[in-house]
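Before I ask anything, here is the structure I am working with.
Letters are used for the chains, namely A, B, C and D, taken in the order the chains are written, and counting of residues starts over at 1 for each.
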């Protein structure tokens, strides 16, 4: 028992939490941005797959890592544009379009990957981001190795949380995004074009999702594998609700989810054979539902979420 | 003779380590002019029987596949196409004249790799990361452990299953968790394990494929699996017009060259190599058998 | 650009639109096929053959459409009442597991009794699984989109735990799979020498039944009212929770039944790769069908035909088999746009 | 048509619409409409439900694009379909259905779109200051940090107006601004509008309430069937003339005839209702007799909603007794109340009264679907339901579609007639009419009133909850005021005047009875 608790005091656990959380933070922020503007983006799982492949492939073809992330973002933005085109001006079902995008983006990703990459005995590799110990901070006992020896995209993810929170709460653009998610008619009545704002938010959000996918192939690992996103996108959709559509809480949610995951990987050695390993794997999902029950009353759904806005129609 | 028409039906993308071994063996056989090879990958369970029928209809002489999830249906298909030979990775037995099966056996190599690893650990703790606790994974990890114990009876073992075949970042995290818990040699049934070892400067052993070029200095040994002997055996049967309804698992054993340990001589001591080589010879001449233990490792 | 609802839909347009959609999807896919260096026209020909061109392909299309119909109906009935059940995948698996568990427990019943019991077990499992998220919504206001989605993962892990544990087939030495159901409980085939089983008939019957329920019964009326306007329904004396519970029972039940039918109709035991995402595709099928049960049958056939045809084509042409999903996805999206343009006109 | 005073004409023109035509499918919502507005002018736009007023204003503001015609503001033509251009030209609009985000604060709602979207930081301090100044100047105080969803309807109305004033709008359009306001709030609003006009703003407001039109407007334009049918100076017309112009025929509200009431049908004694931890009704007592209308008057937000829910079967008394025909119901549910013979007309027809996406016949029978008349063995008896719906449509003159029409397509007045009709068609023993004519035009109001009085005559006990003084005085036999969840003692309606009602609504019950 104490052994199970001791795990929590290991700095390496917390370092793992940040690593596992990073793609979730990108994905959750992206989904959050879309939803704050009123568009549910179930394309996330496919967009992350696309980002993972494109980010990796660009680097494999000679780009540097940051350009790789940029290319991933661009690919995500294009997929997002497709989702936006279908759901915003055309006002099509966000569920169907999203699931369709997921199917399209992932199958297209695999198809293209198969066409352009030679198969060797194991998938080709790139040199991924290396952990960057922040001078000074990383020397702090416990906290240093736990928090300040990550790869740069992790720091970027956390910075983006702050940026998104700031943009949403404190800038005219953020206000416009929130308004089109709450009441697009009101936005239009004040001279804001809801269609454009929604498209913009979905495109930007999808770019973030793709970067989350690319983190997996350019930092967490160094190759691309089909189906490697493994439901992380769906988890992000859940985290947005868990976070009550607030960026700060999205960070907390992603960290919590990652904590369960990192913890269960360690707990497996402690209580190993006594418990089926599937129970450990269930923990993050079960805890998410439990957390939702606790948070539900306080959640404030964007009022126009999933409601298409077509001009001149009532 | 004309090359034998072979169709492969992979249940997963061919990146999967296990599939990649077969894929490569078939590709090399095709290169040698022995066979003509086409394949489908990522074929879902529901679609599997149809894929088998379609290939049979298209004139494949030999359909290779994995029938683990569709044992009954696969046999029904084979019964409907008596002219076509089927070779399936299966947990059941052969059936009829044309439905042959094979199992994956690189446990002997894993045992030998374990012997090599034993002396290299400072902490005496050995980790392993697996996808699912299926027998073919379990027996591998258990054989590795037996090999370690042969040399180091007081060794401690850790294991983690990640519940997926396709999540290298997760395998990597599982490996980190074991390194944190004191493991300094990792047996990686899943790709990703060695990446963690590399980052933490501990050693790793690969399974099925050769990971040494990918992780120089980290992976010092591999429990290789070679599928070519199996391919050669069944293709020979097909050409000879012999019934293929038998178990081809034996061609995965070391004495047929179906598996072997591949290691970096610079990384291990000469004594360890000598002890290992002795065992290897014993396995090959049949005087020693590596126990097959399919129970889930703790 | 502006969309304006058409007062009258021209018949020609309504008929031409779906064909145009498929055509556009095929043209786009043609680029990809050409990129793989294959003959595009030949590929199209192969696709048609693969979908309908032989007894095998025709029966396979119908076989693959069967579970899609049922999960499509599950989504349609729930979405009508604005119960966002994204958990049909989980309900499918749990239904399959329940049916397999009962079917393998050695009851030794005759088919005529055993099969209905297995179906009921599957449906019941699906029902119970959806009731949980519904109760959380009614009691705590928890969004069911998320809970049903998360439950899919939990159920899959649970199934994995069962087929590696208590339900594991001890005679299947390797792969984790459940004990097969007794032969008597396998669904009868509709056609010999094919995989087509009476599940198709059950699915079509379910669609017709659901159509009648939705359009003719008090319950159908009330579930529509509750979906469109909960406040008005409540004011009119319709019990929201009562209606939603019934909707959840039907929706979860259908998804669970889909699992039971898939397992007893095809391979007879459960593995963790029983479904290639039938639960999720069901949502797409339902929405494409405008939530109309009869439409679900048609769209399920469409989706299945595209997939089976394209899958066969990839094998015949030797191009990466992922092309099948690409074509399905493209067809879905173009079809979605085409259906919109049938109802609306684009102005300026 | 009387010639406008020349002094008016010399004021500069600020806005002109020329030949505006707009079709929705086959329906011509606006038919070659010309309109002009001068500086400092208060123009009332009048017309029955569906006459095309909102459509015209939506075109003017750029929400809709006209099929033909043009809009000229301050001498320059506005590009069609661009609200932004209208805003920049100095036009502000207060929408019929408020364009506000309930989850955002007042300041958020007001500041949206007033700063360049590319700014790195929103200057909220300056925004708050400016908002306070504007609010101060026009007497429209609200808390800038309040969440709009927490505000009363009147406060939201103020936020809507502030949105335009904050941007220095020089032309302000108000679409039915008083439909949801109490008389006091409406008076306050018109006082504010006059201040604005005096400051040089030009205003167009849409209203169905002839009294306020006569009192506030300089000029009146009447639309009917999408066409301008008349233009009058307010000073040179009368309520009766306007009503006739709007509807195309004479309309007069029906008169209540004296009638002796029968036994008590609905009675409350000391009833408390608590919802979400708040006491909404506090020891209320009232009794409604057969053949009598009891009017409950009050400023909105004083417990009318809870009272409506109580008598509709949606709220359960926490204390006291509610009795129907002398018996306390055992089951508090809408279905039980309907079964007990209570006809219920909800406060908000769009959210509670009808399911917009369902057809007229479905909405006609929705409350009694489970009775043997309309269902058997769980199946809907469609032909019976259809026949019933046809009956309601015919007898209550519901226009705009047949039984198979989607209810959303009905105008407000017709939807209201449908709801009344389904309740009144088989003479209920009790009728609850909650704000029955809110937002309706004069013709529709007259029709609804006639139905209510006919029910009274047939012996129905009517509980009328309304904020409209004229309506209560016109229909009720006795009146009680609702103030902060409490009910005043009943007062006979005869001889009641607006002043006494005002005192009652302010909670000054003793003064009100002294004034008698």
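Structural remarks
Everything that follows uses one rule, which is that a contact is a pair of C-beta atoms (placed from the backbone, for glycine too) under 8 Å apart; a residue touches a chain by one contact, two chains touch by 3 or more.
Since the structure is predicted, the reported quantities are computational estimates derived from the model, not experimental observations.
Relative to the C-alpha centre of subunit C, the farthest chain centre belongs to D. If you average the Cα atoms of subunit A and of subunit B, the two centres end up 34 Å apart. Subunit C has its Cα centroid 28 Å from the Cα centroid of subunit A. Centroids of subunit C and subunit D (each the mean of its C-alpha atoms) stand 46 Å apart. The multi-chain contact residues of subunit D, meaning those touching 2 or more other chains, are 65, 81. Residues of subunit C in contact with at least two other chains: 2, 5, 157, 160, 164, 320, 322.
Annotation for subunit A: residues 110, 278, 281, 311-312 touch two or more other chains.
If you check each pair of chains against the touch rule, the ones that pass are A-B, A-C, A-D, B-C, C-D. Interface of subunit D with subunit C (complex): residues 25-26, 65, 81, 312-314, 333-335, 337-338, 344, 346, 351-358, 362, 366-367, 369-370, 375, 378-380, 382.
The touching residues of subunit D, when paired with subunit A in their complex, are 58, 61, 63-65, 81, 83-84, 87-88, 93, 95, 97-104, 108-109, 111-122, 124, 163.
Across the complex, subunit C is touched by residues 82, 86, 89-93, 95-97, 99-101, 103-104, 106-108, 110-111, 114-115, 231, 234, 237-238, 241-242, 276, 278-279, 281-282, 285-286, 288-289, 292-293, 296-297, 299, 301, 310-313 of subunit A.
The residues of subunit B lying in touch with subunit A in their complex are 13-15, 17, 20, 23-24, 42, 133, 158-164, 166-170, 172-174, 176-178, 180-181, 191-192, 195, 199, 209-211, 214, 296, 298. The touching residues of subunit A, counted against subunit D in their complex, run 170-176, 178-179, 182-183, 185-193, 300, 302-303, 311-312.
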